[in-house]
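All remarks here apply to the structure that follows.
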């Protein structure tokens, strides 16, 4: 059977609703991964080894296994121990944690770079270690890592397609549902790809603007 | 081609980057065995002129002739590539930043081009490498990589690499500018040796003493024009032009 | 933790890990080929090829690999492309990672100092000779590490073919989670195997990188 795009407009509402969910899950996971990344970075750098080592093991596990496998673990694992999360929440937690680990790597490097000198300077002013971290070191480190974190967030958009396999009705799963009715996989996956591409371009545009702002503020 | 008696001849060389004119109608002739120095402040166009001789920075107008053949003649792309590669084999060039190939040993830096372009055998290449490295006093480093050498040693190898192609003409683009002061002399010694062997050389330099001691003729360039040219005794001791005097005064004060 | 169960099912995971390894190797080969072609196109002197290369990179990197896989596997038959799931997996993932490798390879080539090319050209080498003898060997050394990052991502990316039912590690884990209701044990089994593959490959890359270092 050939291609027939005339069926597409009739289902665009479902596709676009899915796209809205994709944006929502991307934004929610991005926020979680950003603050999670800072939190993880502080744990990795500034806590007692009894906290740090288990955390390192967790980080190692997350960086050495596929996101899809992690999503299965979170979704089915939590059910197992009696926590029945809605698929959307499980998806956000999975994506958010996964990318928090990657962001944490970036933030750690940046903190180490800033810490030299800045921490000392802040401490000589009488700030406590925690205050110096919160007010001086972390804000600067975060500014330094915004461009690479931006890349991670754009990667997150595309990886958000994976939560379709645990039943989150985002763009990919919406396309699948429409295909279930129309038997037109090529057309609708292509449409979904186009929508992802447009969102991706928007994110890249925003990223470039933010980078320019940061470049100016230096 | 009526009167190609000069060995190197540059006629009405012009070059501009956008609206900026870097070379404004330059004429220069060099005879076989002559050593010509080009001095001038940065931005005077002296390096651009040198790099135009082997067409590394093509001129916007004018002609460059070497030994009776026009270097920058207009040919279709493919033919021009062939022509310019053949011309460049006859012109050695030494750069400020050496540009040795870091992935090759000293030996392979010297022999890569002769092997590739002249098809010499491995034995011939080995002899050639030893001969050229001996010449610049770097034979004991034949198996080293460039990263293991000092700046002066790198530049000596770069000279050996250029000489291995048996060029008719050598171009030196601020060969000692990037070197620590104590390493300058070893490179100057090698260049002096070449001068004694009557190699034709064009030397862009900011070292007035060196230019005075080896060059047969010195050009002073400023803002894309040759302000004054003549034997070093005249240029350095008794220049005609006010601008030359100012440049030399500044330069000598600056150096002191 | 149900160790008995793990002992019973681990041979199936080993078999699945072998499929993951095969997928990874074939995808790497195809990805490198696509990356080399893509980089050549992006650095070409023909504007049309440069455009094609840039479009390949932008579209592939701008859309989810999962969707690309679905278009190829489920949509392919509509335009006359019949592939089994494994073939679709290799081709889909290879073309996908090829776009990332294009940028890695191109970046390594343009990172080589222009003085290197100039030095080669002044010796009389042609453009092609200068590229082959001077630029490329140096770029190779530079690209090992970032290509390693691409390969690391690619190995984890092979999990996607679970969604088109290739019986590799993630698919196997999912199946056994469904039938045993032991998600942690199954995760652990497959996770350890993934980590052996991923960190093992990482060691090989580090070793290669060190060997290629210039003294």
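Note that the chains are named A, B and C in the order they appear, and that numbering of residues resets to 1 at the start of each chain.
Everything that follows uses one rule, which is that contacts are C-beta pairs under 8 Å (C-beta built on N, C-alpha and C of every residue); 3 or more make two chains touch, one makes a residue touch a chain.
Since this is a predicted model, take the numbers as computed values, not measurements.
Colleague: Quick one: which chains contact chain A and chain B both?
Modeller: C
Colleague: Farthest chain from chain B, comparing Cα centres?
Modeller: Centre of mass proxy via C-alpha means gives A as farthest from chain B.
Colleague: Between which chains do we find the greatest number of C-beta pairs in contact?
Modeller: Result of the pairwise contact count: A-C comes out on top.
Colleague: Using CA atom averages as chain centres, what separation in Å is found between chain A and chain B?
Modeller: 56
Colleague: Provide the C-alpha centroid distance between chain B and chain C, rounded to the nearest whole angstrom.
Modeller: The separation of the two C-alpha centroids amounts to 46 Å.
Colleague: Can you check how far apart chain A and chain C are, centre to centre, with Cα atoms defining each centre and the answer in Å?
Modeller: 21
Colleague: For chain B, which residues are shared contacts with two or more other chains?
Modeller: In chain B, no residue touches two or more other chains.
Colleague: Residue numbers of chain B touching chain C in their complex, please.
Modeller: 54, 56, 81, 85-89, 91-93, 95, 97, 99-103, 112-113, 116-117, 145, 147-148, 158, 161-162, 165
Colleague: Which of the residues in chain A come into contact with chain C in the complex?
Modeller: 1-3, 60-61, 64-69, 72-73, 76-77, 80, 158-162, 164-165, 172, 175, 179, 184-187, 189-190, 192-193, 196-197, 200-201
Colleague: Which of the residues in chain C end up touching chain B in this complex?
Modeller: That would be residues 113, 115-116, 118-127, 129, 133-134, 137-138, 141, 214-215 of chain C.
Colleague: Which chain C residues qualify as touching chain A in the complex?
Modeller: 59, 62-68, 70-71, 74-76, 78-79, 156-160, 162-163, 169-170, 173-174, 177, 181-184, 187, 190-191, 194-195, 198-199
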